Amino acid sequence: MVSFESDYIAGAHPDILRRLAETNLEPLPGYGSDPYCERAKQKIRDCVGLPEAEVAFLAGGTQTNAVVISTLLSDWEGVLAAKTGHISSHEAGAIEYTGHEVLELPQRNGKIDPEDLRAYLTAYFADENHEHMTFPGMVYLSHPTEYGTLYSKAELQGISEICRQYSLPLYMDGARLAYGLMSRETDLSLREIAELCDVFYIGGTKVGALCGEAVVFTKGNMPKHFLTSVKKRGALLAKGRLLGVQFDALFTDDLYFRIGQHAIDMAEKLKQILAARGLPLSVQSPTNQQFVILENRQMEQLRDRIVFSFWEKYDETHTVVRFATGWSTTDSDLQALDDALSSLS
Amino acid sequence: MVSFESDYIAGAHPDILRRLAETNLEPLPGYGSDPYCERAKQKIRDCVGLPEAEVAFLAGGTQTNAVVISTLLSDWEGVLAAKTGHISSHEAGAIEYTGHEVLELPQRNGKIDPEDLRAYLTAYFADENHEHMTFPGMVYLSHPTEYGTLYSKAELQGISEICRQYSLPLYMDGARLAYGLMSRETDLSLREIAELCDVFYIGGTKVGALCGEAVVFTKGNMPKHFLTSVKKRGALLAKGRLLGVQFDALFTDDLYFRIGQHAIDMAEKLKQILAARGLPLSVQSPTNQQFVILENRQMEQLRDRIVFSFWEKYDETHTVVRFATGWSTTDSDLQALDDALSSLS
Amino acid sequence: MVSFESDYIAGAHPDILRRLAETNLEPLPGYGSDPYCERAKQKIRDCVGLPEAEVAFLAGGTQTNAVVISTLLSDWEGVLAAKTGHISSHEAGAIEYTGHEVLELPQRNGKIDPEDLRAYLTAYFADENHEHMTFPGMVYLSHPTEYGTLYSKAELQGISEICRQYSLPLYMDGARLAYGLMSRETDLSLREIAELCDVFYIGGTKVGALCGEAVVFTKGNMPKHFLTSVKKRGALLAKGRLLGVQFDALFTDDLYFRIGQHAIDMAEKLKQILAARGLPLSVQSPTNQQFVILENRQMEQLRDRIVFSFWEKYDETHTVVRFATGWSTTDSDLQALDDALSSLS
Amino acid sequence: MVSFESDYIAGAHPDILRRLAETNLEPLPGYGSDPYCERAKQKIRDCVGLPEAEVAFLAGGTQTNAVVISTLLSDWEGVLAAKTGHISSHEAGAIEYTGHEVLELPQRNGKIDPEDLRAYLTAYFADENHEHMTFPGMVYLSHPTEYGTLYSKAELQGISEICRQYSLPLYMDGARLAYGLMSRETDLSLREIAELCDVFYIGGTKVGALCGEAVVFTKGNMPKHFLTSVKKRGALLAKGRLLGVQFDALFTDDLYFRIGQHAIDMAEKLKQILAARGLPLSVQSPTNQQFVILENRQMEQLRDRIVFSFWEKYDETHTVVRFATGWSTTDSDLQALDDALSSLS
């Protein structure tokens, strides 16, 4: 059955799989100390334009968020995030499991508004009892957000400036970063993101890898003895090559960006199909996830032919569902969707 | 200087101090296994009308919340609380430190509205991805709330009914319970609270004790090996008698209720003084905490003569401050306040 | 350079890699709900002879230990392990990170002696203050151990019997289980292990997979809402297929056992080479890891031609080093080692 | 019944209780910001001879150990302690609950031997895989130890020197410090302890207070935002005065030392009584705890007249029991014990 369920429905991009096969027999040291990890790190440093950046590979997004946030925060600190941020709502309490609070900010289209951030910080430090409250210790945002939306350069600059004023590290969850970078509506480049953030990760799992995320510490701020902290959290892969080879491939011949471009192209066609069928979107997303409001009856009919994912109830008779494109989405997938939509009664 | 800073500005009620002195030389076993602890537990069981209830003593409120919540929740669960609940906002992340998330509900006058609770639970279980989200595992409320407000019997019944429908323990933070019970505007008795809640605590620190809170597990639901879990959290006092003797005194000759009554009487007089001076309240509180909106200039003047506490900024030129009464508040304290208010320019 | 550094120096066994490629384009649901995970679970259930067993896949060994132990223990409990157990000494405190203590037992050739276990439990429960001490809540052992040694059937039965007497789950870390099962000196079958243990894992990372361990809960004792607990620990892979396809391959046509057999055959030849060169072993290991005592001078010479791993200092002039065989070890690797040893001066 | 069960069988020393009563009505700010806390801190700074030392008050010993250790350790670190150290064996896993490992050293009469410490550290850093193991991050010792024994000046200097060489904070658990300082066999003064340790606590609970321990950070090394970390751990008392007034009393007119002296004098008499009755000690303790080997039959007889505490089984027919003296022990208590011993059959 044709699937738009997520951007992780398929295995690895063929170029990645090929490199795994080509390097498979080489005996390599473990735990990320192999030359492919080193080479991938160098390519990422070059690509983000920061020769001194430190890069680390982890297996998945929730793991990466928990490791990065818990190693960067001090004991008395929590992390600020939009109420709809992945760490706030969809990680089963993974941040709290590390002993730290997620301090929720309002969301606007899935984003933090710089003014809301400033207001929070101003109120916090104006409170004479603030030592009895969790200190804000870093800012988390996702780009694209959980709603597929993007920060503009001005918005990210605004947030970054406030973070520096308050000495708060700014952390970007880039699980789907490629789709933000290649969106037709973005004015933010990877180099600008690297400059404005203190740490961010370049998502692999949702951009063609079997698994893997590349964390970039941009300011010489990788936590001390990070390997030990990663091990302590059960997040250190013995065959670190699995991550190194994949990211080496992703950052060879612009594969990461080509995957992003393909998914965006498919998403734009998807939007046209949805618009032509008169199906309303619940949010304007310029990236690879599209959120559509379906009548419950239509939704049930469509489920027989197309895989998509439940997002949230809209009202008693409507539901918001998500269609995602990815490296493996084809024109014939889109055609099948269009056909299925045409036959809805 | 006359102080309305909090309900814990003074030491112990004289009756409590006297009992500590009278029993001081008796050699007693440690860790809460002494006869005073046993006697106090029995008096509390009698008073709440539950002969089978299990009672445990802890030293302070944040500690009690962390111990109770973390031992009652399962691994995959978090605790629901109003956004303004003490555990949400003023315990420096003590619940998260135990590895559990606080799931925030809207607050209305500091309270959880039963409808908001029901809406949350309905939406949670309707979400097809809810296994990726923290399960709601118990409901926390404070009575009186952080704003001095009280649940009506109908409201508490409503919440309790929803909790039972969803098999969620209902936990009441009774740090200031005496002031709720003796309020002129409550329709809830201690026995009704014990019936409607699965666990609650009877606060001592803020009701005349040097320290100490009495947790009541009403349904045979004290966590297994609770003493060991308390010890593991650093919360087991060697001289458990310190808590036992104090609660034995508090539940002898209705001392707990007399302290509550006195503070309420003083608070009612305080409200009259404030009203006579035309000072607006930021919330209508029927208990021992009163929240007054002062001009910043007035506030600074008053600070020279009276101790009170900052609550929150109201606007650029006004601040909400708190006046609290307690067992040690006297008519002459109120007179001093009235005098000080009269001389504000 | 020829490497005996570990049993995870190479990528995946070719049969595994082939299956990853063959299934790569299939659109599949995430988080382990795909048919390959289901099929692999069924094959494992069949293979261990427990139709009702519950199986879960995780990415690595330390992660698996932390997830299993922390979800099975109660709050007041710790896990008993040999002092040399992986969780005691080589996981950077991953168990303690979950809030639980590792209670150390003496080790004998890397193993727990049933009598030491019984003595510990007897003394613990005889101690009148034991409620102030961590309760023993489960027993952890590794098979093969960190020293390559194996439990006999009688030893495992002895430990299992004590565990059942005290209602302690018995957990076997099978990171290298294949090498234990195919050892020429074992009298324990996989079905017997499944019968005697309450939970164990079948290691993939060190037996030909890119990553992945299969946890088997043998007694209907998988923790409730395990997926959520896994997610909360950052251990849930979005592309669960990566684990399902690999274990499906490992349990097709006895691949898991053939890999084990090959590594054992290579290890036996390795032992002959070492013996012929008069190199003493620090421990008699019937599995794929061999621990050799080298003069420091020899060790440095050998390092120019062969990769192996440091184990521990033996004395001022000698070091224990480890040679490991695996699915990718070849006769020519052994020849190269023999040549290199022959030229040591 | 006459009791030697512990040094916390009685309430507060009368001088402490008197001061609590005298200050009871004073309105004071909370959370340790009152003048009695400040005064007590100053007296302690003077007494330990470190004008710049930072002092904090906590309620109990296990709590203090957990708070101090978890706020001083970095994420990747654990704490070294003797196998018989209180944190290793009798705190129900309180350190592990904070996410940190206790790294056990051998014990000799309850003490860490400097050579064992050096050997551990040498081996740890010589291990090429040590980044996969918990880093040793501080050294914990108790003085007196759990067996009543004392470090000599040379021993403490030896340990302190190693700690400084490896940049490890040295932390002394002084739950019974007064009895060490006033022992007839010590050559260590309080000022020397303050000089040699990086942090230590002066125990109050076991030296005449109702509760309370005073932590002394000797080198400007109090963790940043310590109050917030204390709050986060549920360890912040609202009525901080309870601790301040008690320590102010303990450090007025040498009360702390006089209590120690009295208990030591009583313990010396106790030793004479035991020796005269031919009862063997299991360890030579120069402090207020005496460990006596009793025949089980004698033990049962004695229990009818005297309260003491079980320590450990000695053999099938003998048990080690503990007699402790304290501020409230009287000559008539000793006479009652002697009488009871005389009548054992």
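When the chains are written out, they are named A, B, C and D in that same order, and each has its own residue count from 1.
By our rule, a residue touches a chain if its C-beta (ideal position, glycine included) is under 8 Å from a C-beta of that chain, and two chains touch if they have at least 3 such contacts.
Being a predicted model, the structure only gives us computed values, none of them experimental.
Should one ask which of B-D and B-C has more C-beta pairs in contact, the pair is B-D. With every chain reduced to the mean of its CA atoms, the largest distance from chain C is reached by B. Separating the CA-averaged centres of chain C and chain D is a span of 41 Å. With each centre defined as the average position of its C-alpha atoms, the distance from chain B to chain C rounds to 50 Å. Chain geometry summary: the mean Cα position of chain B and that of chain D are 33 Å apart.
Multi-chain contact residues of chain A (touching two or more other chains): 76, 91-93, 97, 99, 131-132, 134, 228-229, 231-232. Of all the residues in chain A, the ones that touch chain B in their complex are 76, 78, 89-93, 95-102, 104, 123, 126-129, 131-134, 309-310, 312-313.
Only residues 31, 70-71, 74-76, 99, 131-132, 134-135, 223-225, 227-229, 231-232 of chain A touch chain D when the two sit together in their complex. Against chain A, the residues of chain C that register as touching in their complex are 1-3, 5-6, 8-12, 14, 17, 20-21, 23-30, 59-67, 91-94, 97, 205-206, 210-211, 228-229, 231-239, 241-242, 307, 328.
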